[in-house]
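Below are two complexes that have chain A in common, paired first with chain B and then with chain C.
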Partner chain A sequence: DSHIQYERVGADVTMKCGSMDWDAAVTWTANGTDIDESHLNGSYLILKNVELSQSGQYSCYEGSSWHLKYQTYLRVGTPPKEPVLMCRSNNYPKGFYCSWHLPTPTYIPNSFNISVIHGTKDMVCEKDAVPKNRCHIRYLQLFSTVKYKVTLTVTNALGKNFTTLTFDEFAIVKPDPPESVVAKPVPNNPRRLEVSWQNPSSWPDPESFPLKFFLRYRPLILDQWQHVELSDGTSHTITDAYAGKEYIIQVAAKDNDIGTWSDWSVAVHATPWTEEPKHLTTEAQITETTSASTSSFMAPPTTKICDKGAMVGSGAMAVCWTAGLVVAAYSVLFI
Partner chain B sequence: PTGDSWGIFTFLCAALCNLPALPALNCSEELGAGQSIQQTYDLTRYLEHQLRTLAGTYLNYLGPPFNEPDFNPPRLARAERVPSATVDLDLWRGLTDNARLAANYRAYSRLLCYLRVLDGQVGMAELRHRLAHFCASLQGLVLSIGGVMSSLGYPLPAGPAGPPAPPGVPTAPNDFLKKMDDFWLLKELQTWLWRSAKDFNRLKKKVPPAVVTLRLEARGF
Partner chain C sequence: MAAAESPSSALRRRDLCSRGIRLAGKMRADVVDLLDAYVEQQGLDASASVAAVEGVPVAAVERWDEQTGTQRLLENLAAYRAFRALLAQMLEEQREQLGEADAGLGRALAALLLQVSAFAYHLEELLRLESRGIPGEEGDGPPPPPRLSLFEQKLRGLGVLRELAQWAVRSVRDLRQLAKPSPATGAAPGLAESP
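On to the complex of A and B.
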């Protein structure tokens, strides 16, 4: 006769050997290994201040006959802490989904129950097969003034806990990031990069619910991002890239009117087109271009000093980097 | 502030552009409609932005619990007389252009009436001034929608012409219920402005946008 027994971490556990008397002679084993008599009180097994590692199969055998009198599976765990719940509409106006998790593991099985109330109506949140701990709801009505109230209850053998979220239909709208972001150099244009992307595939109706986009880009060597907000279209040409520098570019999306911005898309890298070097330039040519470029903030000196062909020695490199950073700092001040 | 000037500009522009009697305006009907739809859309966004500040101030004026962020009262039957933006999804999708525009026109006409009543009852001078300004902008929106309907050849829905108190409306029996009415009025107004942005997005796709902004502005002023 075996069953499962759940106990809290740190509790004192007393196991009785089935229907045997207290003074019967018995042997207890844990996962097949004999347990020392010091843990016994008569025929009862006493485990003080149980630890997670003490989970396992406990069996009790009658002293002389070695008949199995009792068997139990001990699972040591904790009651659930307040769960973390998140609801989001990435497919507006179709509906929304909620997903949840426990902040700390309980080490024993938990069951989740989610309830959604809209005004006076109870709605059913359909559980997803994959991923687990997620369910989705379809909107029956659009443009509702009444809030949605979602309550998640977690229960296990040692206790229960719950959390509630209350929100307006509009507040949880957050699209998925744009997909298929592509950045390409533009031939014969050393300061341009052409970026294009697609609406996230989860957004069901971009015609009636258009998205707007936010593009950010910077050369790998600088920390400061540049931003462009685009109210329509899924492409943009960057026209102020530093020539020859590798860029990192990301795009985010938002419903034109409601909700919040998506997470940033996967980053893409691109370097603007540069002319093929015809010959190495001499030291004299480098000093010439240095004095010419420090007069203007707008044209980055990297165009002139840091041309592929101009890299003659480490001295030139040092000038290149310092001048580039100085001008970048100045430009940032003047934005 | 620049926000106000832009709003008044848009309102006047919408009003002027949509008066069919004005001969100086040289826009073909279809081009005019496209431009008007964009203007109406812009106006709903402007109003939505204005409402956020106004609602915050008004709810503070009402006091707790109305100004608490998680205040979520049940709808009482009496609040249903304020026109609701809530609609079945498939129904909303299937609305004809005429029905879509008419729903917006009727809703804002009535909301404007209720808002004017509110304005008359508020005890705070600064709040009255803000409400009056908002009502003027809202009036501009109603005119703008009317203009779109006219330019597309749809008849304007018959509605309250402008008397401040809608007939047959019982006043709230107590102070708390009156405040609840105000709370729901602002909520419905907010929801309508969100909905209208989507309504006008759909309409924008139907009527091609006109690229005559500069020409119209020059003639208007």
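On to the complex of A and C.
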């Protein structure tokens, strides 16, 4: 008869050859390969300190006739450690879901059982088809101060373990991140970026349960984020972007009144509008190329000190009035 | 069949709802702060479960989304009137227990009592706007509860503040529902119905 035998990693395993006597002549195989006689004690197979790699099919044959006398499938594994359980409401006020996993694999099949109690009432957590380790519950009551208690028990052939989570209705509310985040330059505005997004589609009633948003943005070349909190609306115009620099932008959402912030949305990139470079003479092009390669950061337009109309001279020696006055003032000081 | 709401009534209702939402939001923030201080100063365990106490209006509700506007207003009004009496009682117990020793907690309770009274009045205004009769307060109120021990008073106080915090959130949600225009008549959903 073939059956499955579960053993813990590190255990010593003794396999009997069915009803054969201890002193019968037998041959054992593992996955079709003969096992050396040193592992035998009479007709018993002894596996000391079993490892995961020793999982497989073990067969015992009578010595002379090679009749199959016994067969088993050895599965080496571990009893379950305390499972990791998480419950969250991303579709408030409809309900919440709980999902779980084991911190380390057991290498053998596990079964999970979840119970949800609200006060004295047992609630049914309906298992999701996909993913398998998740179930969802509909709220029967709203605004309750009575906590929910969720207990997850995991069982396998080598043992069981469990964990319990206790929480109140508001604490687990966490929307999914905003969707369809779009960032666009604003024509003729070198310091602006227009950002828009949508409520997460999983949030069932944004009109009655409005979300507020947190926007963060930074130029790729800097590490520090700027933050803006927005209590309504699904768009915002950034007005202090550095001209010509590519930005990374993300948005998070939270119910206006309860719960915690969502994870950050997918990041979007955008660069503010810049003016198209005018057609230049050959000499000016060389000057432009030289100066561009040495400058690593272009100051925002507000810091510009020269207008084109205030230039004196031409070509590489062109000097603007303002700069000329400053130079003249310093010259006077040092005479 | 109820008449359609006039534009000025609709505007007034929306205005009252907006202000009510702000009031309730502020009230909730203050209750949450007061809860922290109360738990600490009364030497209670913040995670202690408090069984439902008689006379404390429970915010928990089934089928909340199916309630009519009138139901929402009436339930809110009944709750805040009850909280008004409960907070007044807590304030008096506080003064008896501690005298001037805990003036901060006393002042916070008094401020909250004012907000609850103001919100109850706000709800009455909304009911008047809907030409609904305002239910009278029950005579001299319910008979005074039996005298509780000091510890029982503290636990009841915890229960009162916790339920008030839940009610403040529920009220914001209720007022948002009320502020929504009805697609057909322009009236708030549920408010155009007969009692």
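The rule is short, and it goes like this: the second predicted complex is superposed on the first by the 278 of 335 C-alpha atoms of A that agree within 3 Å, B and C clash if a C-alpha of one lies under 4 Å from a C-alpha of the other, contacts with A are read in each partner's own complex, and residues count from 1 in each chain.
Criterion: contacts are C-beta pairs under 8 Å (C-beta built on N, C-alpha and C of every residue); 3 or more make two chains touch, one makes a residue touch a chain.
Note that this is a predicted model, so its numbers are computed, not measured.
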Exercise. Put chain B and chain C onto chain A via the superposition and say whether they clash or fit.
Key: clash
Practice problem: Applying the touch criterion given at the start, work out whether A:142 contacts chain B, chain C, both or neither, answering first, second, both or neither. | Solution: both
Quiz item: Does the superposition put A:120 against chain B (first), chain C (second), both, or neither?
Solution: first
Self-check item: First (chain B), second (chain C), both or neither touched by A:217
Solution: neither
Practice problem: Based on the superposed arrangement, let me know which partner A:208 touches: chain B (first), chain C (second), both, or neither? | Solution: both
Quiz item: Counting only touches as set out at the top, which of chain B and chain C does A:197 meet: first, second, both, neither?
Solution: neither
Quiz item: Looking at the overlay, what does A:96 touch: chain B (first), chain C (second), both, or neither?
Solution: neither
Quiz item: Looking at the overlay, does A:247 come into contact with chain B only (first), chain C only (second), both, or neither?
Solution: neither
Quiz prompt | Most chain A residues touched (candidates chain B, chain C) | solution = B
Quiz item: Do chain B and chain C touch any of the same residues on chain A, and if so, which?
Solution: 93, 140-147, 170, 207-210, 257-258
Self-check item: In the complex with chain B, residue positions of chain A that touch it
Solution: 93, 119-120, 139-147, 149, 166, 170, 207-210, 256-258
Exercise. Flag every residue of chain C that touches chain A in the complex, lowest number first.
Key: 25, 28, 49-50, 58-62, 64-65, 162-163, 166-167, 169-170, 172-173, 176-177, 180
Quiz prompt | chain C partner contacts - residues on chain A that touch it in the complex | solution = 93, 140-147, 170, 207-210, 257-258
Quiz prompt | Contacting residues of chain B [partner chain A, same complex] | solution = 45, 48, 70, 72, 74-75, 84-89, 92-93, 184, 187-188, 190-192, 194-195, 197-198, 201-202, 205
